[in-house]
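There are two complexes below, and they share chain A, which is joined by chain B in the first and by chain C in the second.
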Partner chain A sequence: MKRLAGWMLSSPATLAVSLFLIIPVAATISATFTSPGGTFAPYGEFFASGFQRTVLWRTFEVAAITTVISLILGLLTAYVVSRSPPWMKSVLVILAVFPLLTGVVVRSFAWLIILGRNGVLNNTLEWLGVIERPMALLYSQTSVVIALIYIFIPLMILVLIGVLENIPDDLLQASSSLGASPTATFLQITLPLATPGLIVGAVLVFTASFTSYATPHLLGGTRQMMMGTFLHQRAMVSFDWVSASTVAAIMVVVIVTTVLVMTRIAKRLNPMAS
Partner chain B sequence: MTHRLTLSLATVSAAAILAATPALAQSRTFTVSWWGFNGDALQEIIIDPFQEMCDCEVIFETGNNSDRLSRLQLREGAGVDVIYLTDRFSQLGIELGLFQPIDRAQVPNIDEIYDLAQAPQGEYGPAYSIGRVGIVYNADEVEAPITSWDDLWREDLAGSVSLPGITTTAGPMVVLRAGARAGVDAYEDPDAAFAEVAEIVPNVLTNYNTGSEMINLFSTGEITVSMAQDFALGRLQAAVPSVVWADLEDGAIATLNTINIPTGSENVELAHQFLNFVLSAEIQQELAERGVDAPVNNGVDLTEEQAAPWTYGDEMIAGLNRMDYVPMNANLDDWINRWNEVFGM
Partner chain C sequence: MTHRTHPLLIVMTVLVYFFLLGPLVIIFGASVSDTTFLAFPPQGLTLHWFENIWEISAFRRTIVTSFQVAIMGTLLALLIGIPAAYALNRHRIHLPGWLSTLFILPILVPEIVIGFSLLRSVNVGLGVPVFASLLIGHTLLVLPYVVRVISAALASFDFSIEEAAISLGSHPVKTFFTIVLPNVRSGVIAAFILAFITSINDVSVSLFLTGPGISTLPIQILAHVEQFFDPTVASVSVLLMMLTIIVMIIVERTLGLTIVAK
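Our next item is the complex of A and B:
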């Protein structure tokens, strides 16, 4: 009876996920297996192209770099926030979340203004005498990574604050009283216990970066094409829906594989992590 | 309790009446798909008076050529009554079977427009405006004036050029100009044409996809030279007054902006009326004078100052290079792949 009630309670959510996620994704991907060239022909064509392999690798690279830097900066920030007095903690959390109150396009535009040839950074460096003429910073992989970190790091910080706050102070005090240095306590107690949060944060940032469209479009331009912008080109410009579906399917596979690998790593680092 | 119920019912009834009022006042909606460029002026010059004429509510779908055409394709030609596109994309729409022939008897003003605008793509939509693709540059930043398409390859322009993306109206024209530079027909010998495209890469900071993007690149100082359509010149010069239109000895390239009626239009008769309205001398005159679009109606008379930004007058129109979009569309997929290889690696 209890089991039946559980099924009934979860059925609306299951139905919604099936209707709005699983069925559309399955329908999109199924188109790639029924092309006239053969079952896997669109995938063969995708990987036969050096340009398309470059786009896939570039997207993976950008998402991975963004995730690693967000992990490091996010962990440090969340650690400081979680150890702050309650009144300061509220202020810091609001500051961390504040960028989420504006859209991705607005936040990307902000970086256009900062990194532009006549932007804040170039003007400051010129004023300080560090450079003689403005540098071309936009439309590069670096500018995309910087903007993605800025856009997605609040997600990482929020997840990690929750995890770090739940680590009992008793454990840290015990570690310290047994002679462990603050670094050893952090590495041997805090970090393993924060692993589930690190994995969740990493998955969120990696997935969002890997599938992002607006930021690579605005800050990377056409010369730094990524999977999101490439998918848009195939679907909305070339009207080649099979090719676009192939790109979408490859993105799904990369993301699912990454999530599985990260979960496995998490279990290894911390067997209690789910 | 009764009082609260009565109040709630009254509120709901009032909301229902308010919601129903516009539907009663305007019996039908008419959907226009266009770029969204110069929206305020177009609202005043075209939409407000047309709404009064047709007793309809005009609603919009905006976006660039490819996005809107793609959306129309997904809806199999439905959801829009008239669609503005450049001739490159309207040709694509025709090939995709998304447009219906125009009943020219219902659009008498077609007889008043330039011959080349009347039926640029056969029985389908006429051109309501004619434009040019050429080169614009910041005269304060570029030392030697730009006088030919080949100047885009000049070494002194390294890292300061923006080209239109291959998926825009003007993008494939880069390939054709590259072919001309190599002395070949780009349709016949794409290898040679794209070898020249590869030569220009060091000069290109990024490719743009919309006119607004290109204007932003100029105004933020990222670029000093670009290929552009003349309709963007006014806004570009407002943002950066030192930008000039290059006087090219090998001629600018003509673009015809068309209006078509999709196959799924629910207001075909009204769509023909709209076409006739937009092509009338009065509307064309006002659009030109207000800096919105170049006229195609022979009855439009502009002063030298008013005509300055436009492709206007027999001599200028005769000097334009024309494009054949049928072979271009046939080669486009190959060109997009080659372009991606050149710029995206």
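Our next item is the complex of A and C:
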């Protein structure tokens, strides 16, 4: 009776996820294997094109740079926030949550105003006399990376604050009372204990950057196509659904592999668990 | 709290926060600029661009659609998510471990892949109308938040109270509505708000599920920026930020913001 109740209560949600997520995504992926050209033909075509290899590589590169910079800045910020007095900590957490709750479109759009030809940055630099003519900052890989860091760093900060707060204060006190310098304590106690959290944050930022659409679309344009913008272009501009499905399948494989490998590493590295 | 934080670290943190909030301040400034192009600092002050939002029918329409989809999608996700979260907490021993992973899947699978797949299979494949497909997409998108937040709320609920009510003769369904649900009310509010905000801001799922006549606000913003690049989009963005602030105040009042950070 109880066994049945559990299944019955969870069945509507299970059904919805199966019908509208698992089956459609599986259909998209399987469509790449049943194309007239042969089982792996769409993948052969994808990797045969230099342009498409560039798109895939660019997406990796942009996501990786975004992740590394977010990790460094996020760790420094989270470290300071987690050690600040309680009232200030809550203010800083609220200030990090606010951008996160503001949409990706709005936040990407902000960088159009900043990096545009008549944007805040060009105007300021001209006014300061650093440059004479406005620079073309938009539609470059750098502009996409800056905006992606901007969009995903709150995620990193919030994850890392949580992780750093979970490190017992006794350990840090023991370390310093035994004569370790703050830097040594950070490198030998805090950092190893925070590593699983750093991995979680890195996975979140990497996967989100890798699959992003609005930011590369607005700040990269067609010149800096990434996998997300490329998928949309294939499906809605070229109407080449097999090719779009192939892009989708590659994205799923990259994301699932990243998540599985990294969570396994995070589990193995967790010194608190053992 | 035994060491002083190095001044350089504090400077870095201030810079990061400046980086986090500066662009949002710039949007506020640009939204009241008296120019036909986006400018900051504003040249002259005007609220014209806020009026302009209501004059452009595409914005009016998409704002209505976005709210309809967000509210209906969130309610549908609550309708199927609450029983699922309850089952996961109350009947966990009878349910397989992968079931809770299943409800997190919409976060794991890239949103843009979900959008495209729904277009292929549900909208075109099954012939489901655009609005219904959009609603399905958004329900799916917010389901993980609903299940997780309500599960967290149920985890701290003492089920022996429910047992007591049932053993005293109260019907299980009635017990759920009179005992369990009121006790996790704050979780339900948090789930609603988080889901609503997620849905209102979504781009990647909506991207493929909007068609002629039916579009959502973020998609309309993208289209408008490309064509006009005037401050209207800045004022729409300010309205969305104000909505976010109101939501944050509600969350803070009802349960504290830590629930969002989890």
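Please note the rule applied: the second predicted complex is superposed on the first by the 239 of 274 C-alpha atoms of A that agree within 3 Å, B and C clash if a C-alpha of one lies under 4 Å from a C-alpha of the other, contacts with A are read in each partner's own complex, and residues count from 1 in each chain.
Quick note on the criterion: contacts are C-beta pairs under 8 Å (C-beta built on N, C-alpha and C of every residue); 3 or more make two chains touch, one makes a residue touch a chain.
What you see is a predicted model; the values in this text were computed from it and never measured.
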Per-residue contact with chain A, leading partner among chain C and chain B: C
Partner chain(s) touched by A:225 [first = chain B, second = chain C, both, neither]: first
First (chain B), second (chain C), both or neither touched by A:49: first
Contacts of A:239 with chain B and chain C, given as first, second, both or neither: first
Contacts of A:139 with chain B and chain C, given as first, second, both or neither: first
Contacts of A:77 with chain B and chain C, given as first, second, both or neither: second
Touching partner for A:253 - first (chain B), second (chain C), both, neither: neither
Partner chain(s) touched by A:131 [first = chain B, second = chain C, both, neither]: neither
Which superposed partner A:112 touches (first chain B, second chain C, both, neither): both
Which superposed partner A:93 touches (first chain B, second chain C, both, neither): second
Residues on chain A lying within both footprints (that of chain B and that of chain C): 112-113, 116, 118-119, 235-236
Touching residues on chain A, where the partner in the complex is chain C: 2-3, 5-7, 9-10, 12-14, 16-17, 20-25, 27-28, 31, 73, 76-77, 79-81, 83-84, 90, 92-107, 109-114, 116, 118-120, 150, 153-154, 157-158, 161-162, 169, 172-173, 176, 182, 185, 207, 210-214, 217-218, 228, 231-232, 235-236, 241, 244-245, 248, 251-252, 255-256, 259
Complex interface listing, chain A residues touching chain B: 49-51, 54-55, 112-113, 116-119, 134, 136, 138-139, 221-225, 233, 235-240
Chain C - residues contacting chain A, complex: 1-3, 5-6, 9-10, 12-13, 16-17, 19-21, 23-24, 26-27, 30, 37-40, 79-81, 83-84, 86-88, 90-92, 94-95, 99, 102-103, 105-106, 108-114, 116-122, 125, 136-137, 139-140, 143, 147, 197, 200-201, 203-204, 207-208, 218, 221-222, 225, 229, 233-234, 237, 240-241, 244-245, 247-248, 252, 257-258, 260-262
Complex contact set, residues of chain B against chain A: 66-67, 70, 73, 96, 159, 165, 167, 204-207, 209, 216, 220-222, 332-333, 336-337, 340-341, 343-345
